[in-house]
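See structure below.
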């Protein structure tokens, strides 16, 4: 238990790419689909989740030796809910418009399974620093995933990116992109792309090794 | 009398998918020609562009091997033509390209190509266009405008990704008021104006914003049904159920609801009932199932038209019917020959994978049968090494 | 080791309670800290949001005063630049009496420029909440802005952009002779059939949302204006 990780970079990149919560693990779909109407919303949601993820993983990791396993889930939820509440206040203080745009999904970070999953699977078994690094990686991966959806949906749905108009006055918005079905379409397209890339990589790998790919 | 004992498939024939599809395309040509006669250059451009988009997408997916089938089987042409017929004639061409791409990519290729699709591809494309561009898809222009063969409707030529020009200005120049552009259904729903029967059937009288002529589609449909390229039960059930529901409501409250005739001949009900709902891959194969399926679509159309915020409901009704098809097929399995309903009650149902009653293949004529499915024709590729293929 | 294999590894209840208590205490501290730290900024943000909304519908306004119109016909002024405690006291008062909140906007010279109030009515997707401005000098509703709406983009949201629809304003909202209700009910009519100054001409294709706007204005105006009318003179100046 509590083995220091061999490679911090590997640990960090785990969440960003290889175990990306959106594209590989397909976790936390509720905010992914709901708040990615614009790139700004997606980024804010990603940052808020990352903050909660890092802080709660740190606290979970710090208290891991005193936490009896019978009550660990309760402890995790209380910790996560605390930081979500803090984030909730912080966003209200920063911008009410953003707070209205994100709506109930800030509070719903509590039940985002990425965070509970990280707390249970990683933070509870590792010292604070690796836990935080891993959490930061996951958070960054989640943010990248949200941004990937948010940018596409904003470009097509509003003709702008981070609020900057891209195509000029007469742009025809694709209304479907800012409606819930648009979230599914874009997510599906991204998943398709990543699956295709993965398959191609494996085929290349098989070619290099000279062995037939056998799943 | 001789009794043959065989297992499915029972009848073999020479009728191929290509042949059926080619017949459907031929039967669509008069409808398209009249549509072009009604709306002129823009309608022609829309049809060509949308069909080209469908064909290009089909080719792309067939090439990359993600979709089975063959570009030469005409099914993409049908999708393109039907999609173009269901869109307004002045629909911006770039949106038509998007709709055509979505129709084939999302409606067909994602499921694995011809025969595997769950929803009618043309309607998937139209549903996407409806959701993405609700304004453009609702702006019809009147038919039989003077000079329609020399100039395009201005909204057609919108620059890609840009909003189409406002047609009402252009109509004012032609001394028509902006409201002339509303479809009869929209007029009824939002203004309470009921179009007369003759106008609807022939769509010949001046400047009515209607789609393709229902009467012509009906004639073409009868030809197809006669040649057994579509099953008459589905259109009959749809039109019958829609007409009956509309008639009941009309009898209940004539001032609130339009007459059933208006229900049947306005909008895209006839086009949908004859060409879209009868798509072989997405409708039930059992005779009883076809009646249920058609009745469901007819009922849903009336409900959506009368009680929802949308003026037209055929598209969603058929898509919902498509979604219900597997379930309908499951509950309407005919009893295999020799197994009475009584006998079946006693024992656990041993479902045949598909129906065994000779009547179930109603789409093919006597000397014909199950279309030979030629899946994965382009796979494996000759240059592909056998070891690489997935098990 | 052998003891562990024999006796199931259980944690004493006291330890569980202790841990939970400790964690809860830490978390409580964090939450209180965050609340205290952000309180001022949040209040300031809320005030700015309200002001911005009111200034949008009453363009001449430079400052606002918040009022409650009580059911007994009295007006209650709420902390314009006053302390937060005054505001919270009034807030507690609202819940029980069902009084109506409105904002009076004053221009540069301290004259009453308009009155803003919120209204809500069921639209196509959800309640459409709007803030509309009443001009007491002209007895008309001079304009509105959307507070929150989930109408279909491209159709329902035309209410803020459609030129013909915005041309409905100013909209007549005169009180009847006995000053208990509006002289003419504000009503949304079909596109192109507006004949009276108190009717709202609906947007063709977005009738339901248009109707919601008309209904929201009508309901609030019917309830609020009779209560305000007797006090207009004393509100004239700040």
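When the chains are written out, they are named A, B and C in that same order, and each has its own residue count from 1.
Please note the rule applied: a contact is a pair of C-beta atoms (placed from the backbone, for glycine too) under 8 Å apart; a residue touches a chain by one contact, two chains touch by 3 or more.
Since we're looking at a predicted model, the values are computed, not measured.
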Note to self: Based on which chains touch which, is the overall arrangement a line, ring, star, complete graph, or other?
What the structure shows: complete
Note to self: Can you tell me which chain pair comes out on top for contact count?
What the structure shows: A-C
Next item on the list: Taking each chain's centre as the mean of its C-alpha atoms, give the chain farthest from chain A.
Entry: B
Check: How big is the gap, in whole Å, between where the Cα atoms of chain A centre and where those of chain C centre?
Finding: 34
Notebook entry, point to check: Any idea how many Å lie between the Cα centroids of chain A and chain B?
Noted result: 40
Notebook entry, point to check: Measuring from the mean C-alpha position of chain B to the mean C-alpha position of chain C, what distance in angstrom results?
Noted result: 47
Next item on the list: Name the residues of chain B that each touch 2 or more other chains.
Entry: 134
Margin query: Can you list every residue of chain A that touches 2 or more other chains, as numbers and ranges?
Written below: 175, 179
Next item on the list: Identify all positions of chain C at which a residue touches two or more other chains, and write them in rising order.
Entry: 152, 154
Item checked: Of chain C, residues touching chain B in the complex -> 124, 152, 154-155, 190-192, 204-205, 207-208
Next item on the list: Using the touch definition up top, name the residues of chain A that touch chain C in the complex.
Entry: 59, 63, 66-71, 74-75, 78-79, 81-83, 85-86, 89-90, 92-97, 100, 157, 173, 175, 178-179
Notebook entry, point to check: Which residues, counting only chain B, touch chain A once they are in their complex?
Noted result: 92, 95, 106, 128, 131-134, 136, 158-159, 161-164, 385, 387-388, 390-391
Notebook entry, point to check: Which residues of chain A touch chain B in their complex?
Noted result: 159, 167, 170-172, 174-177, 179, 181, 185, 203, 206, 212-215
Next item on the list: Give every residue of chain B touching chain C within the complex, in rising order.
Entry: 134-135, 138, 179, 182, 186, 190-192, 309
